[in-house]
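Just dropping this structure here.
Chain IDs A, B and C follow the sequence of writing; residue 1 opens each chain.
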Amino acid sequence: MDDQLIYSTLFNVIEFLGTFAFAISGIRHAAAKHFDWFGGFVCGVAVAIGGGTIRDVMLGVTPFWMTSSVYLVCTVMAQMFVIVFARYLKRLDNAWFLFDTLGLALFTIAGLQKTIDCGHPFWVAIIMGCITGSAGGVIRDVLLNNVPVIFQKEIYAMASVVGGLAYWGFVTAGLNVSMAVVLSFLIICAIRLLAVKYHISLPILKGEE
Amino acid sequence: MDDQLIYSTLFNVIEFLGTFAFAISGIRHAAAKHFDWFGGFVCGVAVAIGGGTIRDVMLGVTPFWMTSSVYLVCTVMAQMFVIVFARYLKRLDNAWFLFDTLGLALFTIAGLQKTIDCGHPFWVAIIMGCITGSAGGVIRDVLLNNVPVIFQKEIYAMASVVGGLAYWGFVTAGLNVSMAVVLSFLIICAIRLLAVKYHISLPILKGEE
Amino acid sequence: MDDQLIYSTLFNVIEFLGTFAFAISGIRHAAAKHFDWFGGFVCGVAVAIGGGTIRDVMLGVTPFWMTSSVYLVCTVMAQMFVIVFARYLKRLDNAWFLFDTLGLALFTIAGLQKTIDCGHPFWVAIIMGCITGSAGGVIRDVLLNNVPVIFQKEIYAMASVVGGLAYWGFVTAGLNVSMAVVLSFLIICAIRLLAVKYHISLPILKGEE
């Protein structure tokens, strides 16, 4: 019982930090393009809830943000934070990076489990986990008229995919679900942290069009 | 009974003018980028029905344009109008602006009411009203490879949001629904007209990326 | 019975070739923008399954690629093909063009029939056929930060629309469904082949913004 409470509190804290960091990322990219407050908010929302919304629409369920206002409140807080503390944002870069990594790992696993709960096979769940963690950033880049950063920079979405495969392996091997969640969470974080620390990227595709 | 008829006729007339103006906006932007007739039509359709389609997909209902051909017929008429009267379009700019404003107000309130009818809370409805009125223009700009204009120019989507909040306030204060509809319709129109007349924009976000 | 088997085998072969060619198109465009392997795969997937996914979401059914892994396996194969045979891709341009044309025709008709099976009227089905065949390429161009090629180049999506209208005409005229399928399939292929051979484009829209 106590364990359950610790887990769910931890989940909520990480989810909030992750959503906050995702929203901050959208709003800061919008600021770099001189968007107005509304444009910044939309970009923040896009990163924070975009991936999960695409997942839920494809799963045929009500988008998660329509059932609880916490995600929008979190984005509003991120917006106010960016407006008030604009000049201190850069100094906090390590914190944003850390929260973003936690968010990526958590959203991946949340997407994975929701898809399995809907009765879909594991390979669909792995894709949905990856979409939950990464599609928001792609929508942000499309709205900003940029080339999506995750298609060219350090490993990001692939950490989701590997984490999803690991989760699958653990569950298939008979590990209990909590254990599989914690381990694949740590694997995703580790891959992302190592990728950025050592500038590890996937190979670039060769060839003229 | 008579009142009902006047209301519904007025609704249909404004809806047609709004859809027409939205479609014209998509087709003209496409013309500025030298799109062909098909590309122009797709951009016209995107503005005219894009926002409502995103709303309906998130609400889990059949997209509205699939239940009545009037929206596509209206876009076809807009397309023919642009092709035949290309040289007179600019002189009608005041008319387009007026119809577009009527459309923004009407689509916002239509989106608001449909969301409430689906059983969602008011804060979801306000967001859906804003999406219904504004998302089409964002899709147009994405298809044209432009930065979405509503993130940088005069107040547009915020007029929807304020109108939605007003509607909420009126209904909560016990006003009857018809009255709340008319008043928030007028508020949205007034905000948009004043924003353009006096070049009122939201503050720009500060900060390097 | 034998006829049925031949038809369904033919359908599967053409579907595989079409999906393969669609995926190749996405991956090659991604390579031209120096995307990494993950970015290339996402662009390949976007072209191969994007149109059908939009269709299925609007129809309110589970996206087709979630019910069978063949489409993703096909995209993985296309990805490996591009990586291994990068230098030979250009020499096979005629094959890609042919497979792409077969895919356009097949996906159009598959989209058309699925929409009718869902109980929608013919004009909705024609639009859905066009979306199934063409929307994937638009998503690819949006992800690559390009202006969508089908809005400016040779006739592509209009071949779908004409094929859909032809199918409608044949069925209305009392032709049996198999016959209508084959004829409209050939019409779409013929329009696309002639459009590219003789550089036939739709008229360009005139006018400043």
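We take it that a contact is a pair of C-beta atoms (placed from the backbone, for glycine too) under 8 Å apart; a residue touches a chain by one contact, two chains touch by 3 or more.
Keep in mind that what you see is a predicted model, and the values were worked out from it rather than measured.
By the residue-number overlap criterion, the interface of subunit A with subunit B counts as different, with under half of its numbers used by both chains.
A rotation of 120° superposes the C-alpha trace of subunit B on that of subunit C, rounded to the nearest 5. Subunit B has its Cα centroid 31 Å from the Cα centroid of subunit A. In subunit A, the residues touching two or more other chains are 57, 60, 142, 145.
Interface residues of subunit B, counted against subunit C in their complex, comprise 27-40, 42-43, 53, 57, 60, 62-63, 66, 69, 72, 82-83, 86-87, 89-90, 142-145.
For subunit A in complex with subunit C, the touching residues are 57-58, 60, 120-121, 123-124, 127, 138, 142, 145-148, 150-152, 157-158, 201-209.
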